[in-house]
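Next come two complexes built around chain A: one with chain B, the other with chain C.
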Partner chain A sequence: MSSAGIDSKGIDKVRDWILGRHPERTELAADVDLIESRLVDSLAFVELVYTIEDAAGIEVDFESIDIEDFQTLATIEKAFFA
Partner chain B sequence: MTSSVVTSSVATQPVVTQPRIGVDLVPLSRVRELLDPGIGGIGPVLARFLSAEELTGSLTPDGAPDQAGIAGRLAAKEAVFKLLGAVGRPVPWQGIEVLRGPGGRPGVRLSGHAAELARTAGLGPIDVSISHDGGFAIAVAAAATTTSLDHRL
Partner chain C sequence: MDAVSYTAQWMAAARAQESEREDALFVDPLARDLAAPRGFELIERYAGGGLLPFISIRTRFLDDAIREVLAESGIQQVVLIAAGMDTRAYRLDWPDGTEVYEVDHALLIAEKRRRLDALGAEPRTDRREVSADLTQEWLPALEAAGFDRERPTLWVAEALTFFLTEEQAAGLLRLLASASAPGSHLAFDILGRALLRSPFSKSFLETLAADGTPWIFGTDEPEEFLTANGWKTTDLREPGQPGAGEGRWPYQVQPRNRRGANRLWLIRAEIATA
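Up next, the complex of A and B:
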């Protein structure tokens, strides 16, 4: 489990993970739709959940996921890091 | 392909049988990402995609991860998911198992949420075909779906 410090907030870890997969991008706004923009596909979605779990120190029940919680960095932050 | 219309002995409305197909492509490079960092040869993320039985069947005879086989399995799962018509939902990876059937042909076993979605979609038995070449695996899934004529679009 990772601890969220002042200079490495959990949501920043999620943003860094997404940007790390897309070297053509240097920034990612909080309201960009991650799925519609094809930044996260079906395989990467599971990795995204794993990254959020690691950053937030929680466990996500995959069977009861609400996809809207994962739509943007803003919704992820609200659902898992608020 | 033509659709066939049959009349159920139980239902009062005639039903139409239509084919439905799904396809997906997975590069083996994605599987290598999922294997890293490997624990006992299988990465913790990959275990989210594959059931225990699938994991057992995803090893080569010397115990190493069968990257092509895993890529084919993942492609087949996603191809089956496309049959379910479940827009806006994550793929229920664990509920769509692709297992080795008689004669080595892949077979599909649905459970949990995936099975519910298949029932809702009126899907009959699902068949899948998988192929690998050039660093990619591709899979096609097909099934017949029956829908009531008064619910057709």
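Up next, the complex of A and C:
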């Protein structure tokens, strides 16, 4: 973890975006359910998708979104950054 | 009271909370007493997803629309459709001679009257209650209360179209158009379609459906929907924009062309002229 903060991985950008919306939190484990915990709600969801698109350099197809892919940081990493 | 009346209590509770904020967008001193018994419980039940700020922003947007439309047009006939626990007749400044018709079902109107009487509330204009079932023909009841379709009208339909099917929402706009003299206006809100389809909305939408008040209708092309049903959009905003709760909306306002964004439309329109 010594120098990871400088050249952060894509998934860290996603984590930073979520933490940025919730100043009361300082960390976010990979297995926290983002929906159940209301860290990402329906209106913020689209911003999450754009954040992932920017960080991963991909385009997400809104028509075929699988919510399972967005459940936790771990599932997001697996689906978009693996 | 039926399920939609609990929705009215929820709205009242949200307005009561807003009224107590330092930076309140409006103050509704009657809302707290109109929110009982279930309003505050429903705020908890439906928490999250930007609903509370949306309810407040929408209330203020429509307050502004009413004030500005009446001042600019000279309209003196205002109809609040499915008025619920709305207290605008008691809290806004109305031009002299304004008639405000509150249309809702008889049970809600009776309960609202009972509570407002107990509070000693006095309307600030000529307020007229219209008991009607909005799923049946209700214009005759409105006309029996004094509404005159030969005079221009401002129609206000707050938090109503969500609960309709697309056919019903279109039918409502056409019905209003059919009873609108030239120069009539409409102020209301519509959900975006993406919001109703987003997987992140699923559990909230399921809760509403389980409570008997499913959200059904939404569109991502509101101007086209209005045009197809007799109305011309004159002002279209989304929460977070100037004049629509800028600074109070906890989400980014997405550019119009951005795919997949969840929209909430705040709309002013005027009757289309042939």
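Here, the second predicted complex is superposed on the first by the 76 of 82 C-alpha atoms of A that agree within 3 Å, B and C clash if a C-alpha of one lies under 4 Å from a C-alpha of the other, contacts with A are read in each partner's own complex, and residues count from 1 in each chain.
Simple rule for what comes next: a residue touches a chain if its C-beta (ideal position, glycine included) is under 8 Å from a C-beta of that chain, and two chains touch if they have at least 3 such contacts.
Quick caveat, the model's predicted, so the values are computed rather than measured.
Novice: After the alignment on chain A, I want to confirm one thing: do chain B and chain C clash, or do they fit together?
Specialist: clash
Novice: Just to be sure I read the superposition right, which of the two partners does A:I65 touch: chain B = first, chain C = second, or both, or neither?
Specialist: Both partners.
Novice: Between chain B and chain C, which one contacts more residues of chain A in the superposed model?
Specialist: Looking at chain A, the partner in contact with more of its residues is C.
Novice: Which partner does A:A29 reach: the first (chain B), the second (chain C), both, or neither?
Specialist: neither
Novice: Report for A:A82: first if it touches chain B alone, second if chain C alone, otherwise both or neither.
Specialist: In the superposition, A:A82 touches no partner, neither chain B nor chain C.
Novice: One more residue to check, A:V40. First (chain B), second (chain C), both or neither?
Specialist: second
Novice: Can you pull the chain A residues that chain B and chain C both touch?
Specialist: Correct list for chain A: 42-43, 45-47, 49-50, 62, 65, 67.
Novice: Using the touch definition up top, name the residues of chain A that touch chain C in the complex.
Specialist: The touching residues are 35, 38, 40-47, 49-50, 60, 62, 65-67, 70.
Novice: Using the touch rule from the top, collect the residues of chain B that touch chain A in their complex.
Specialist: Going through chain B, the ones touching chain A are 26, 30, 33-34, 44-45, 48-49, 74, 78, 81, 88-95, 112-113.
Novice: Over in the complex, which chain C residues touch chain A? Could you list them?
Specialist: Residue list for chain C touching chain A: 47-50, 194-195, 198-204, 251-252, 254, 258-262.
Novice: Which of the residues in chain A end up touching chain B in this complex?
Specialist: Chain A residues touching chain B: 42-43, 45-47, 49-50, 62-63, 65, 67.
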